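Next up: the structures, one after another.
First chain A sits with chain B, and in the next complex the same chain sits with chain C.
Right after this comes the complex of A and B.
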């Protein structure tokens, strides 16, 4: 018999209680995995979307809403004159419900702008001109809206024909409904307004050049902020809110986990009071008792963490298939996140065991003889 | 004559004016006890319930700290032991009235529990535990949990456990108190046989005079004091 077996026996003496404690930690850790994975994935898929659009700098005014605040379309003229810029593309992005989908990204793009260029047609064609009452759908958006070529999509009061299905090379692009900017401005009553300017730096620009470009743009455009593409999502209040919420929930899950394991370990120490006294009486050092209790709670954390990662990953996979979310979610379930989650659970276990272990070590061996 | 020698016999325990209070001094379990116990002796401690027998045994086993007075083990103060756990693990084997096996461990595992404090490998622990169980006639019950053993068998496992680290002193508190007379006989014979064969010092608490008569010496207590100390 090894010391490890002694520890396992301690956990198995109340299998139901141990099991329930494991379920508790697992659910907490599952929440951590799912929320952190989703919010990180959110950030990364937007960054990937920028890249697919071929953008180096994004000029926008990220307020507290999911979509940025509109500003005058002529802001673009001020930017286009700056040195170090190869091209600009005005965009109006909106997130709104479209037919059966409660949340669809509508990406209205300047006709002829570079952000049309990276869209690969899977089937159909692009609109013939800026005025044609037509849209192209990302492949995921088409799935979500259950549309095929030739169907119409209701946008505000207008019926628009689906003329093309595209592969945009990134989740955000594939989940979008793409439309010409002038047409959308007219439909949505946003004439003369845009809310994003994609900026492409001259080829061969270094990272520092791009950063300097942002500073230059910001000095001429007080109504919006220029940011290196990919960083701008992390700066949006909506993303910060989601991120803060996921970390907050995770923290709560960890606290609940600590209290749950501590409760279980305190119960087991009280219940085994006499056994611990007997072990002390037959010569066990107090440090060995402490180690036994700490190992038990550490193992609870560890196995709870493993269970939590499994439940979290399964939960996210199920969520991805839900029609309401499908196409909007590209969770980042990296190995790093899983290892970190198990480590968090392990630390939760060890921390929870400290007080019960200390209590157990204060028992006196003479109690073994009484009763 | 050194502190640890009497007529050439080694003095294992020496108590002088030993007291023990409980409830923060509101009561006294031991009110000044003096004795010497020598190597290889079989001492029975008798007396009515509540006279302090168990308390005395706890002092000898370093399960609790003594009050006033001195209590030495081979010339060293038990109260000042640098590592009481090591003393309990290596020097003392202890047998309880209620057996006190751990319910989540099998017979052979219970016997191995004290061996974690000795320098033995896992296989050495197992081998030694198997031999000890054999010596108490339980080789066929190695993998049984305590609930599957009779009272007599449980006490035999407990005896094997007390011998785990080859102690030089055996302390037994009413070891037959929870057994029927047949099992009581068997257990008593077993303890006495071990005491003789391994030349261990045996201190046995009992209120049964027929058991006490088999000892080489009987210490009788009353109200926390020794009232008679007879060599037989």
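Right after this comes the complex of A and C.
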């Protein structure tokens, strides 16, 4: 009988208990995969949205809300004068309840600005001018609102005609209602206000040039903050809070998993006291006993981790189909996250086995005779 | 040394007691009343009404408010669905005077509202016209009647009763107030016989444009198996209104207010 067969048999001796422990770890790891995947995906989908719009720098005032705070539209003029800037585009992004949907992204863009250029029309057309009471829907937004070309969308007090459905190349873009900035400012009572300025650096700018551009913009615009595109969401208080909550909740679930494995392994050591003592009596070294227990707990962690990844991915896929959040989630279920989750589970397994392993190493061969 | 240690302990205990001191009933009521009397504001919300055996009715609504210590004027207007767009209610109350107002149904039907209709349902929901206007935190009798934990948040239970000359369809109202954030997490309104007539639960709390904590999602129950949910998506203060918007004649006009220049 090889060492690993002894390890496997140790786990299979109480299959129900081993199974329940695996379920415990799996739930903890599933929480890590789902929560961290969702919060990372949120940041990445915004970054992809920026990339799709061809934006290098985002100027906004991300406070505690998910949408940035408004500021005066003429801030754009101060930025446009700076060297190293190829183009700017004023935007007002809002997140609000629209018709039957509880939350939608409204993306109001400066008429003629570069943020319109990357939108690929799937059907219909773009608005003819800045004043036309029309809206262009991202394909996911059209699906969520159950709208097709020619339908109307009620935005605040105005009824806007759906003239186009677009593929914006990123979930954020596809989940948005896109309208001209002057029209949105008028219907939302935000005349003269914007909350985002997309900045395109001159072609050929390096990463360092873009960072220097951010510093230059920050020196002339105290009411907002310039950040490299994609980083601005990650720096918002709301995102940081969500991210911290995700990790906090996951950590709690993992701690519960640690306690579960530790309990299982301690029970194993107590129940197999006689067997361990006999192994010591026939010449097994204490280090080998310790390794046996650690391998058992590591295997519990490993298989629990794999189970957790599968449960987490399935859970997220189910959540994506829920009507309340359909179109708003683009979780980051990358291979990296899955490998990290299994590694966390493995480490959890090993840590949980340390104390039971130490207890088992304290046993003496003579205890075998006590029954 | 012993004396020094004892004095230090006493001082620390006193400081801790001071910092943990809960507000009195009148302080709490005053603070909550002031939070409601917050001048001009504009609210956008979604109102869902679920009655037993019926399909859920969802409305997008805009609320224009002018609330001061002396008078309250509120206009509720339906933005969506299309077939109900333009339905509007104007509600007014000056001090302890009876409620007045008007109801507008497109294209041009308008009727006056009086105090006797205060118990009628707002847009068929579990909320009455009277509930919209009533600021029971300004009532004369306020008392803390206990403490209770609501959704793991410790709350003071504030009981409000109308005094002489203060008209209400309720005999008393109890509010479970989170005194750390000054948000009522539950409100129960009682009849003279002590029955709960209406219960309002705060489902989520958000921070408004003045960085105050406010209920963002409310669940209201007035009848068995019927529930109304209010889900706020926007609140703006310091908005500009024309007087005409708070008249029966102005109810047919739908516009979003501008924010006063900063």
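A few points about this structure:
In the analysis below, the second predicted complex is superposed on the first by the 370 of 371 C-alpha atoms of A that agree within 3 Å, B and C clash if a C-alpha of one lies under 4 Å from a C-alpha of the other, contacts with A are read in each partner's own complex, and residues count from 1 in each chain.
Following the convention adopted for this analysis, a residue touches a chain if its C-beta (ideal position, glycine included) is under 8 Å from a C-beta of that chain, and two chains touch if they have at least 3 such contacts.
In this text the structure is predicted, and so the values were computed from the model without any measurement.
In the three-chain model built by superposing on chain A, chain B fits alongside chain C with no clash. Once the two complexes are laid over each other on the shared chain, residue contacts for A:157 go to chain C alone; chain B is not touched. In the superposition on chain A, contact of A:279 is made with chain B only, not with chain C.
By the touch criterion stated above, A:317 is placed in contact with neither chain B nor chain C. Of the two partner chains placed by the overlay, only chain C lies in contact with A:96; chain B stays clear of it. Using the contact criterion defined above for the overlaid structures, shared-chain residue A:365 touches chain B, although it does not reach chain C.
The superposition places the C-alpha centres of chain B and chain C at an angle of 120 degrees about the C-alpha centre of chain A, rounded in steps of 10.
Touched residues of chain A, counted separately for chain B and chain C, are more numerous for B.
In the superposition on chain A, A:125 contacts neither chain B nor chain C. Looking at the shared chain after the overlay, A:189 reaches chain C, while chain B stays out of its contact range.
Once chain A of one complex is fitted onto chain A of the other, the partner contacts of A:146 are absent, as it touches neither chain B nor chain C. Shortest separation of chain B and chain C in the overlay equals 44 Å (C-alpha atoms, whole Å).
On chain A, the patch touched by chain B and the patch touched by chain C do not overlap at any residue.
Only residues 64-65, 95-100, 102-103, 152, 154, 156-157, 159, 187-191 of chain A touch chain C when the two sit together in their complex. Residue ranges of chain A in contact with chain B, taken from their complex: 1-3, 5-6, 9-10, 12-13, 274-275, 278-286, 288, 364-366, 368-371.
Chain contact summary for the complex, chain B toward chain A: residues 54, 57-58, 61, 63-64, 83, 85-86, 88-90, 92, 94, 96, 98, 100, 102-105, 108-109, 112-114, 116-117, 122, 125-126, 161-162, 164-165, 173. The touching residues of chain C, when paired with chain A in their complex, are 42, 44-46, 58, 60, 62, 79-82, 85, 207, 231, 233-234, 236, 239, 254-259.
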